[in-house]
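By written order: A, B, C, D, E and F. Residues from 1 in each chain.
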Amino acid sequence: MKKIEAIIKPFKLDEVKDALVEIGIGGMTITEVKGFGQQKGKTEIYRATEYVIDFLPKIKIETVVKDSEVEKVVETILKSAQTGKVGDGKIFIYNVEETVRIRTGEKGESAI
Amino acid sequence: MKKIEAIIKPFKLDEVKDALVEIGIGGMTITEVKGFGQQKGKTEIYRATEYVIDFLPKIKIETVVKDSEVEKVVETILKSAQTGKVGDGKIFIYNVEETVRIRTGEKGESAI
Amino acid sequence: MKKIEAIIKPFKLDEVKDALVEIGIGGMTITEVKGFGQQKGKTEIYRATEYVIDFLPKIKIETVVKDSEVEKVVETILKSAQTGKVGDGKIFIYNVEETVRIRTGEKGESAI
Amino acid sequence: MKTFRGGIDMLKKAGLGFLLLTGSAFADTTPKLNHGDTAWMLVASSFVMLMTLPGLAFFYGGMAKKKDLLNTIALSFMAYAITSVIWVLYAYSLAFGKDVHGIIGNLQYLFMNGVTPNSLHPSTTVPEFIYCGFQLTFAAITVALASGSIIERLKFSAWLVIVPLWITLIYVPIAHWVWGNGWLSQLGALDFAGGTVVHINAGVAGLAGALVLGKRKNTQLIPNNVAYTILGAGLLWFGWFGFNAGSELAADGIASSAWLATNTATAMAAIAWMITEWMLHGKPTTLGMASGAIAGLVAITPASGYVNVIGSIVIGIVAGVVPVFTVSWLKPKLGYDDSLDAFGVHGVAGFLGAILTGVFADPSINPAGKGLLYGNPHQVVIQLIAAMSTMTYSFVMSLIIFKVVDIFMGIRVKEEDEIEGLDSVAHGETAYN
Amino acid sequence: MKTFRGGIDMLKKAGLGFLLLTGSAFADTTPKLNHGDTAWMLVASSFVMLMTLPGLAFFYGGMAKKKDLLNTIALSFMAYAITSVIWVLYAYSLAFGKDVHGIIGNLQYLFMNGVTPNSLHPSTTVPEFIYCGFQLTFAAITVALASGSIIERLKFSAWLVIVPLWITLIYVPIAHWVWGNGWLSQLGALDFAGGTVVHINAGVAGLAGALVLGKRKNTQLIPNNVAYTILGAGLLWFGWFGFNAGSELAADGIASSAWLATNTATAMAAIAWMITEWMLHGKPTTLGMASGAIAGLVAITPASGYVNVIGSIVIGIVAGVVPVFTVSWLKPKLGYDDSLDAFGVHGVAGFLGAILTGVFADPSINPAGKGLLYGNPHQVVIQLIAAMSTMTYSFVMSLIIFKVVDIFMGIRVKEEDEIEGLDSVAHGETAYN
Amino acid sequence: MKTFRGGIDMLKKAGLGFLLLTGSAFADTTPKLNHGDTAWMLVASSFVMLMTLPGLAFFYGGMAKKKDLLNTIALSFMAYAITSVIWVLYAYSLAFGKDVHGIIGNLQYLFMNGVTPNSLHPSTTVPEFIYCGFQLTFAAITVALASGSIIERLKFSAWLVIVPLWITLIYVPIAHWVWGNGWLSQLGALDFAGGTVVHINAGVAGLAGALVLGKRKNTQLIPNNVAYTILGAGLLWFGWFGFNAGSELAADGIASSAWLATNTATAMAAIAWMITEWMLHGKPTTLGMASGAIAGLVAITPASGYVNVIGSIVIGIVAGVVPVFTVSWLKPKLGYDDSLDAFGVHGVAGFLGAILTGVFADPSINPAGKGLLYGNPHQVVIQLIAAMSTMTYSFVMSLIIFKVVDIFMGIRVKEEDEIEGLDSVAHGETAYN
C-alpha cells in the first residue's frame, strides 16, 4: 500500500475530489496547510503599509491506496489539479506498512 | 521506529489520548483534518436549502514509537477509538528512518 | 528523496524558515498542530477555575529533499529551532518513493 | 414617515397637555422645537446609522464566504459613506426640496444652503438638520440592502459608481414621490417607515443587479460565521426601532405603538420562519430565525404606525412564511442568483407588508390610515399601485444603471478573482489572520 | 420600576419648571404625555431589547463550546421572540392589568385591547404602549438569563415549551407582586429595576433546570470565543442603562442618579472580581472582568435608583467578590452543573443586591427608599422577605415545570448528540465555516 | 462641550416655544430640568460608554495579533473601569469643581458630596449626575485611546497604575482648563467635543508611552480579525453621535447640526483614506476605510458644533489624507513603534481638527464660534496655542509618568512573554478555543 500525498491549490479541491471519487477512490483525508515554494508570496496592505505573506494557503490531500492503483491516482490528480501556473503543488508518494480499519479491526488492503 | 497515524472521530480524542498515556506513550502530535470515506457526509440547512457537506471533521493522531511497541499501540487505539459505527477511521503505519530531539540533538530511539 | 518533518515551537517558525531558505531549500509545507509530550501543558483560568490544557500549539514543517541534503537540513533546523527548553520538538525522517510536480508532471528529484 | 398632515398634528406634537392648559392663549400655530422629539430624532437617526454599519454589514458579512467577508462589508460601508456625502450636497434637496410637478424636489437645500440650527423641518417640531440626517440614513441603507443580491462577484470599483447613480436616479425620486409631497403621497399611499421606498426598492434593484451580473461560479450559501449574521440581525432589530418608531418624527403615542408593532411582528416572523423550515427540512435553524426576524422587520415597516398588535402578528406570520418559499423554491426554479436574498427577503416581504398595510391599518391607532378591515377596501388598491409603480420604476432603472456601468467599466470580476476571493483580490486583505 | 407614588411625583415629571410658572392655573392633575420622558422610554426599551439579542446571546455564546455556540444563541433568541408574542397577547395583562387580590392582574389588556396611542400608563407621563414594550423586554431577558444554567444538553424543542410556561406561571405573577401593585409592593419591598423579579428569579430557575437536567458529560468551561463574551458584556453594560435608569420611567434626576450608580457599581465589581481571581489563581482574566461587570450590574439593579455613589461602590465590591466563590468553590462542592453560572452570578449577585438595597437606600437620593444606614433597619427584613419568597416560589415552580416537561417530552438530548454538539444536531448548522 | 454662555442660552434650551407663550410671566431665570435634554444626555452618555467597551476594545482588538487580542481588549476595559471609580471619588470634582486660579477644580464634589437628583449642572438644563456621567465617559475613552500605541508589550499591572495617575495628573487638569472654566476656556479656545482634551491628549500620551517602551520584537501589523476592527469602527461612529451632538448638552438645533457635521466628515474621511491608499498601494482596503472614518470622527470632534457641511467635508478630506502619511511614512522614518497609531491617527487628526475649527467655525451655525473664513483669523492662533500647550503638557507629563512607573515596577514584559503572547502570559486565557 502507498500513501499519495498531494499539496494543491485550495480552489482545486472540489475538482480533485470529484475526479478521485470517479475513479473509485474510497477515502481520503484533507488538511489545511500553508506552503512556501517558487510561487511568490502575496502582498497584503494594512494601514498603508505593504506586507509580503510568505506562506500561501494550500490543501494537503492524503489517500492510501493499493500499489496497483498508484499510477491511476497520480494521473487523476495531475489532470484535475493542474492550472499550469507556478504553485500548482506537488505529489509525494510514501510506502505504507500496514493499514487497520478501526471500526472492524480489519488489516491490509481490505482495510483501505 | 514506526510512525502510527490514526484518523479518529474528534470526540474520541480524549479517550484515545488517555489510553495511550496509560500504556506509556511519551508523545504525540495531533492535527484537525477533514475526512471523506464510506461515512456519508452530513446535511446542513441554510436559508431553507439543504447542502451536503462531504468532508467531516476528524482528528489525526501521529505518534512515533519503537518497533517493539507498535502492536500494543495499535491495540490500544483500536480499543479506545472504536464505536463500531461507520466512520471510526483508520490506522496507517509508516517506517521512520531517523528521529532527532531538537532540544538535545539526541538521535534514534532515545529521541522519541 | 527524504521527507524531513520537524515539530517546532510556533514562534521559531520564522527563524527556521529563514535558515532553510538560506541553505537553499526550495519548498516546504507547514501545518498548525498540537503536541503532547514531556513539556507540561499550560494552565488556563476560566471563571476562577484552573484547567490544564494538555495539547500545546506546535508547528509542523515538512520539506522533501534530496538524500544528499538531509544532514545539512537537519543541522539547520536543529540550530535554528533550539531553545534548550523542554518542548523544542522533534525531527522525523521518512523515505519518499516518488515526487511529482503537478504543474509540469516532472518526476523525481527535479520535481522537488 | 409623515408628510404634511395639517396643523392639528403638529399641535399634538408640541405637547398636548400644554395645549389644554394654555388653550386660549395659544394663538401662534407655528410649531416650535420640541426637545423631547428632537432627542428622539437624534437617537433614531443614530440607530438607523447603526443598522447599516455594523448591522447590515455583519448580517450580510456573516453569510458571505470566508474569502469574501471583507468585500461584503465594504459594499455596505461605502454605500453608507458615499450616500452620506452626496446627500448633504444635493440629494437631500432633490428629495425633500419644494416639490416640482410631483416628480422631484428643487435645489433649495443644495449644500444645505440656508439651513441653520433654528430651521425646523416644515410641519414637525424637530430641526431640519436632524430630519436631513434621519432621511440620509434611510437612503444609505436602501442601497446597501441591494448589495446583498450581488456579492461575491461584483467589481468593487463599479459599486463606487453605481451607488451615487442609484441614489440620484432611483432613490431620490421615489423618496420624493412618497415622502416629499410627490404624486404617490397625493394618491394616499400609506408607507409609515419605508416599505416601498426602502425595501421593495432595494429588493428589485438587487434582482436587477443579479440578472445583469449573472450567476456566481459557486452559488452555494456557505456562511463563514453564522454568529456574525445573528449579531447583525440583533443590531438591525435594535436599530429598526429608530427606523420605524422614529418615522413618527415625534416621541409620542404613535411612536410607542410603532415600537410595539415592530417588535411583535419581528418576533412572530422569526418564529414563523423557524417553524416553516422545521416542517420542510426537519430542523429549526438559527440562520432561519435571523432571516425571519429581518423579513418581519421589513414587512412591518410600512405598517408600523398604523396597525394594532393583532395586525402585527398576522403580518409577522405572513412575512415569516412566504419568503421561505421565494428563497428556497422560486429562486432555484427561476435560476437568478440573488446571493443573500435581498430580493427574496426584502423585496418580497416589503411587497407583502405594503399590501397588508392596506388591509390592517387601524384608524384607532392612527387616524391617518384606514384599511380594508376597517371598511376601506380602496386602500389596498392604492397600496398595490404604489408598490407596483415603485417596483417597475426601480427595476427598469436599475437594469439600465447596471447595464450602462457594465458597458463602460465592467461590473463583474474575473473568474479567477471570484475563485480566489474578493477580500484578497480587491482589497489586499484577509479577514482572519 | 415605579409603582404608584401619588400625584406629586407625576407632576414633577410633567415638568417642574412648567408647574412653577403656571402654578395656580394648574387644576387638572391627570398626568400628560411628556415627550422627553417618552423619548427616553422608547430608547430605554430598545436598549433592553439589545441586552438579550445580541447582548446576552453573545455573552453566553462566547462561553459555550464551539459546537454549541449557535444553540446557546438560539435559546436567548427564542426566549425573546416567544415572550414578545405572548406578552402582547395576554401576559402583559396578567402582570399589569388591574390587581386581583394582590396575586395577579386581570384581563383588561388582553390583546392590548382598548389601548390606543393616547393611553398613558397610569401615574406616568408615558404611553401605555411603550410601558408595555419596556416591561416586555424585562420578561424576555429574565427567561433568557435562566438558559445560562442549562446549555449544552437541553433539548431545543423543550425550551420552546418551557419559555411560555415559565413566563406565564412564574414571571408574570412575580412581576405583578412587585411592580403591579401586588402583595410585595404593598409590603414596601424596594426593587428599583428588577433585582428580585429578574435576577434572583432567573438564577434560581436556572438552578432548578440544571438540577433536573443533571450534569453534562464534559462540564469544563471551554469558551469558544472570549471576545464574544466581552462584546456581549459591553452591550449588556450599555443596555443596562436603559434597564436601570429607564426604570424611573422618566428622564429626570433620579434616572441620572441611577445611571451613575449603575456605572460605578459595575466598574467596581469588574475590578473586584479581577483582583480576587488574581489573588486566588495568579492571573487577572478578561473573562473575570466581564463576569465581574455583569455581577455588578445585577447587584446594583434593585438599588440603582436608591443609593448614592458610595453605596454603589460597596455594592460593586461585594458583587465582584462573593460570586467568585460561588462559581469556583460552591458549585464544584455541591456538584450541580450550572453551565454558565446563571445561578452562581445572577442569582447570588441578585440576592446580595436585594439585601444591600435595604442597607444603602439613601432618602436624599430617592425619598421612596430609606435603608438601614439611614435609620430604617426594618427595610432589610422586608428585602429578605421579598427575596426569599421570590426564591422559593420561583425555585419550586421551576422544578415543577422542568419536571413536567421532562415527563411529557424529555428535556435532555441524547448523549451522542451532546458529544457531537447541538449546533449540528439541533439546527443542522456550523457556526464557523 | 459648552461652558457658561449666559442666560439666553439656557432659556432657549428650556423650550423656546414655551417662552414665547408665557413670555412676560417668566421672571425666574434659573434653568429648569428639561426632560428632553435629560433624555438626550442619558442616551449620549450611554453612547460614549459604548465607544470604549466594546467599541474601541474591538477596533483595537481586531488589529492586535491573535495572541494579544484579549490583552488589548483588557487595556480598554480597565481604562474604563478604573476611571469610572476614581471619577466619582475625586476626579470629577478636580476637573469640574469650582475653579481655583484657572488651574484645577476644588473638592466640592468629592464622593459626589452634596449632589442630589435635584441638582442641575450650572447653566444647563440637565442633572449634575448625568453631566458627571457624561464627562466620565470622555475621561475613560481618552486614556483607553492612548493604549493603542503601546499594546503587545506593556505589562498589564503597570497599566493599572498608569491609568489613575494619568487621569489625575494629565486628563483632569486639561479638562478643567478647556471645559471647567480654566485658562484655555478664558482664552476663547473652541473645542466643541474634545479634539484637544481627548484626541491630541491621547495621541501624544500614546507616543510618549511608545517611546519609553521601545519597539516590539515584531512591529508588523497583523490584524487577527479585520471584521472586529470594522465592528468597532461602526460602534465608534454610532457612539460618536453621543460624543459630539451630546456635547451640546441639549437636544436642539446645534446638536442636530453637530450630528450631521459628524456624519459628513466621517464619511468623507473614510472615502478619502480609501482613495489615498488606493493611489499609493493599488488597493482600497477595508481597514483603510475604517481608519479613515476614525480619523474623520477625531478631526470633526472639536469642530462639530461650529461648522457647516462644507466645512465638514473639507475637514473630512484633510483627516482622511494626512494620517495615511503619518502612519506609513513618518512612523517608519522616525522609527517609534506606535503599535495601532494612536498618535498617527488620533493625535494627528485631532491636531488638524483643532486648527481647522479655527478656520471653518461658522457663526451662522453657532454664534459662539467665528473662524478665519468668517473674518476672524485670530481664532486660528488661539487654536494653535490651545493645541500646542496641551500637546506639550501631555507629552512631557506622560513621559514622566511612564518613566517613573518603569523605574518602580517595570512597564515592559519579558521578551519571551511578548513572543508567547500576552493573552496567555498575562491573563491565562486564549481568545479562540
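The working rule: a residue touches a chain if its C-beta (ideal position, glycine included) is under 8 Å from a C-beta of that chain, and two chains touch if they have at least 3 such contacts.
Remember, predicted model here, so these are calculated numbers, not experimental data.
Path length between subunit A and subunit D in the chain contact graph, taken as the least number of steps between touching chains: 1.
Between subunit C and subunit F, the centres computed from C-alpha atoms are 47 Å apart. With centres set at the average Cα position, the gap from subunit A to subunit B is 18 Å.
Averaged C-alpha coordinates give centres for subunit E and subunit F that are 32 Å from one another. Multi-chain contact residues, meaning those touching two or more other chains, occur in subunit A at positions 31, 45-46, 94-95.
Of all residues in subunit D, those that touch two or more other chains are 18, 22, 34-37, 39-40, 43, 222-223, 225, 231, 281, 283, 285, 287, 427-430.
Of all possible chain pairs, those that touch are A-B, A-C, A-D, A-F, B-C, B-D, B-E, C-E, C-F, D-E, D-F, E-F. Considering their complex, residues 3, 17, 26-31, 64, 94-103, 105, 111-112 of subunit A touch subunit B.
Subunit E contributes residues 419-420, 424, 427-430 to its touches with subunit B in the complex. Subunit E meets subunit D in the complex at residues 14, 18, 22, 25-26, 28, 31-43, 45-46, 49-50, 53-55, 57-58, 61, 69-71, 73-74, 77-78, 80-85, 88-89, 111-112, 116-119, 126-130, 132-133, 136, 156, 225, 228, 231, 426-433. The touching residues of subunit A, counted against subunit C in their complex, run 2, 6-8, 31-38, 54-55, 58, 60, 74, 77-78, 81-95.
For subunit F in complex with subunit A, the touching residues are 63, 220-223, 276-277, 280-281, 283, 285, 287-288, 291, 324, 327-328, 332, 341.
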